[in-house]
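There are two complexes below, and they share chain A, which is joined by chain B in the first and by chain C in the second.
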Partner chain A sequence: MINVFERLNDGKYTIYFGPAHPGSGNFGVKLEVDGECVISARADPGFLHRGFEKLMEYRIPIQNAVLSDRICILESLAWNLVHAEAVDELMGIDVPERARYIRVVLAELSRIQSHLIWFGVISAGTGFDTGFKIAFGLRDYILDIFEMVTGGRVYPAGYICPGGVRRDFPRGAKERIMRVISKICVDEDTTVLEKLENKVLKDRLEGVGVLSAREAIKLGATGPVLRGSGIKADVRRDDPYEVYECFEFEIPTMNEGDAYARYCVGIEEIKESAKIVRQALKMMPDGDYIAPQFRKPKLHVKIPEGEVYVRNEVARGEGCVYMVSDGGDKPYRVKIRGPSFLHMIPVLEHLLCGAEIADVPAIYWSLNVCPADMDR
Partner chain B sequence: MKREIEVLQCLKEKFGAEGYVRRDRRVFITVDAEKVKEAILLLKNKGYEHLSAISVTDWIKDGEFEITYHLWSYESKILVTLKTRIKRDKAIIESISDIWGGNARTHEREMHELFGVEFLGNDDLVPLFLEDWDGPPPFRKDFDWRAYVREKFYSMDNERERSYYD
Partner chain C sequence: MKMGVLAEVFGNMFAKPMTVRFPKEAIPIPDGYRGEHEFNIDLCISCGLCSKICPNRAIDMVEAPEEYREKYPKRYPRIDLGKCCFCALCQDICPKGAIKMTKNVFLSTFDPKSVIKEPIK
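And now, the complex of A and B:
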């Protein structure tokens, strides 16, 4: 009887992880499975494709600043910054020192809240619900700061705009940021999240989805994924932008390359970001928060002819904008390079081959992915 | 700035390329389409291991597509943008997916879908983002998305959509 069963059913079938899976986001992976083991995986993106690159060709930079929020929902301020820097560089704007510090503080806070989401979804994906709730609770404190400073909790509506930022820090913002940071990082080298860490989480993540350093570079992995494979690379250090040269911070790396290593890098990065925020608030000079010619924005400003390639370290990795102008008031071509584009297609497909079905959510979320910046 | 100029000089000598250094760590170089793959191989062997992105710009007035490869070196910390131009009506270029594997393959797949550029040697140019798309490649400058949407999705008979026809 068993022989007959085996002859009729070879155990191979296809299953879909997403887009209707609670843990996948707007993204699907088609898995070919043999019993419990994944033989091959094929990413199925496009559920969130909004065509920002094309939309931006029809809009002036002030409008594009608002659009750039939406590139990645989970870290809109970081993408605001990438876009603003591209326009600044093309137009040769001298951004005031204070504005640069405000930008850095917000970008780092944005990284912390994005990493909190990351911790939350890894916890939820591996059955550790307490972690999910606590991380999202902590994130809300940062959203409160965003609301106070930018006016929006998730979407700042182009707060970081070409020339600087839309308005100055309100009174009491610095103290409030310090309070929130000390809520998340109890002291210099411990976060609340480490105290939560438990055996379940570690057992589910350790040894799962191993990415070697060679493969990581070849497949174009960046950010925490690359650093989890033991390569010490960070755009903030290697290719400094804004005022990152002025701060002291470490670049955490792990050599194992598995899901747990990436997770640990993420936790360490929260501490480093907190360090940068503390330093930036201390060193922030007085002065203008926006370049004078942008204080009252003119609608039709010509962008000088040229091209720039701006690289930033967003929470998920390397976020870039390639902007070409033909001398008109709108960019001629904008190419947005989201880190998740490569993490979710070649890297994920590579890691899922040979994994067990139960490990799929753990691998998926350990890459710190965001379907929005992949599809754009 | 010294190392940036060095890279530029090297490519100028070997491939007759043109280019300029925009600022620290940013070099823009233009080469002929036939030599682009060789130039990329040379750069990769020089340590430009990270293929950051592949992009296409549609210069419709010149009748050309400009294909750009953005390469970053983790050692010398320079970003080289390698550019090449191909004819718009004969948009075919050699794929670099045998150099970078899945990374280049995915970037080329996206550019093939959005601009209709053919990458010779890439066996995986199936649609990536757009499902059941029957229009022309949507990121080309001559694609009129307003007309396309009107024709495909809107109707004159619908009172709320009539304004799009004015």
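And now, the complex of A and C:
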């Protein structure tokens, strides 16, 4: 009898992390566990698939700009920018200098608020609720700026559109952005979040989910995950777009490759983004905010025949758009490459093997993932 | 252990709350907010551009009710707020400024018919 019991109850079973888990988002992982230890993990994506790539083939670029908000809900302006750049390059639009600066300011603010969410969810995932609440409180100040500039808090509705931006900076926006930045970064080298750092959070993250540089490259990691493994790669520096070559900023890297290293890279990036925003606001020239031919939205604007591949550094990694046009007013094919796809499937599956069940949320959220951008 | 967390927590105990007591006071909504539409039928020239640019096809061009048809003989936009994504492209494309977005955000309702905005009420 005892033999039968031992044979049937060998301690191995399957548990699901998500999609109905409070800390997983619209995404699931099937974990094979032996006692407390995860033997293997299988990602279970597809709960948030909305078919943007196909939808974009049926819409004109300005409508696609509105659609591109939804690719990643947590950083909609960054995806607006990737889409707008692809159309700009395909159509050969000369974007005014002021628009380029506005785009950079908003993309960096979007990165800061996305990293604040990241900090918040790491805190919540490891049971540090104070951090979660303070981070989301700070994010709200940035959403107030978005509301003032774009007219919507989370969805800017294609604010960064082909040709420039949809409307100019309102009066008083610059001062307000400076005020909010100084609320988050108390001075050049410290953010409010660093003051919250504590031993419990550090103990939960240190040595957990170690990703070596070699594995990171092999599995296709980009952005903060790759930089947390010690590789200095950033599209803003390696292949500058918009006006990033004018700014001075560092690319933070950590060599440890664990969850704590990625967390630290995130905090450092908030400071660097704040630096860029300050410089951009100082250097922002006067002038037009959109190319004159796009001031009023138009139907039936032909996109010249050709194809283009644009890559940007969004908060989560490398966000790319491949767009093909056959000379009509709608793109023939749009392929979106989101950073979370590779972080959530190969990288996560690799990191979860051999981890403890209690570390699963810490590993999962340390990758700064977004199910919306993975499923598209 | 660093004292940062405690300092932050105690600091927040004496700070002003971030939220406001909503029904009595509200955070002001800035100009240029994309809320409910306001349609001025007298400015409308029935060009139909708003219905063509709408990414969600939330705008239909419909005839005015029988009793107004003499004064307004053309077709006018009927907006379905249930489909609308509040992108304000209709406001931007309108050559006469007949559609404007207001700051009204209180749109939740139990009556499905009330989300459809007829050109003439």
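In this text, the second predicted complex is superposed on the first by the 368 of 376 C-alpha atoms of A that agree within 3 Å, B and C clash if a C-alpha of one lies under 4 Å from a C-alpha of the other, contacts with A are read in each partner's own complex, and residues count from 1 in each chain.
Operating definition for what follows: a residue touches a chain if its C-beta (ideal position, glycine included) is under 8 Å from a C-beta of that chain, and two chains touch if they have at least 3 such contacts.
As the structure is a prediction and not an experimental result, all values here were calculated from the model.
Taken together through their common chain A, the two structures put chain B and chain C side by side without a clash.
Chain B and chain C, viewed from the C-alpha centre of chain A in the overlaid structures, lie at an angle of 100 degrees when rounded to the nearest 10. In the superposition on chain A, contact of A:D168 is made with neither chain B nor chain C.
Of the two partner chains placed by superposition, A:E256 touches none, neither chain B nor chain C. With both structures placed on the common chain, the touch criterion links A:Q63 to chain C but leaves chain B unconnected.
By the touch criterion defined above, A:H350 reaches chain B but does not reach chain C. Within the superposed three-chain model, A:V308 lies in touch with chain B and out of touch with chain C [touch as defined at top]. Contacts of A:E206 after superposition: neither chain B nor chain C is touched. Legend: residue contacts after superposition of the two complexes on their common chain; A:G151 is shown touching chain C, with no touch to chain B. Of all Cα pairs linking chain B with chain C in the superposition, the shortest spans 12 Å. On the chain C side of its complex with chain A, the touching residues are 1-2, 4-5, 7-9, 12, 18, 29-34, 49, 52-53, 55, 85-89, 92-93, 101.
Of all the residues in chain B, the ones that touch chain A in their complex are 22, 25-26, 28, 49-53, 55, 57-58, 68, 70, 72, 74, 77, 79, 81, 100-103, 105-106, 110, 128-131, 138-139, 145. Residues 59, 62-63, 66-67, 130, 134, 137, 140, 147-148, 151-152, 155, 157-158, 166-167, 170, 192, 194-199, 296-299 of chain A are the ones that touch chain C when the two sit in their complex.
Touching chain B in their complex are the following residues of chain A: 45-46, 49, 51, 53-54, 217-220, 222, 231, 233, 238-239, 307-309, 311, 318, 320, 322, 324, 332-333, 335, 337, 341-342, 345-347, 349-350, 375.
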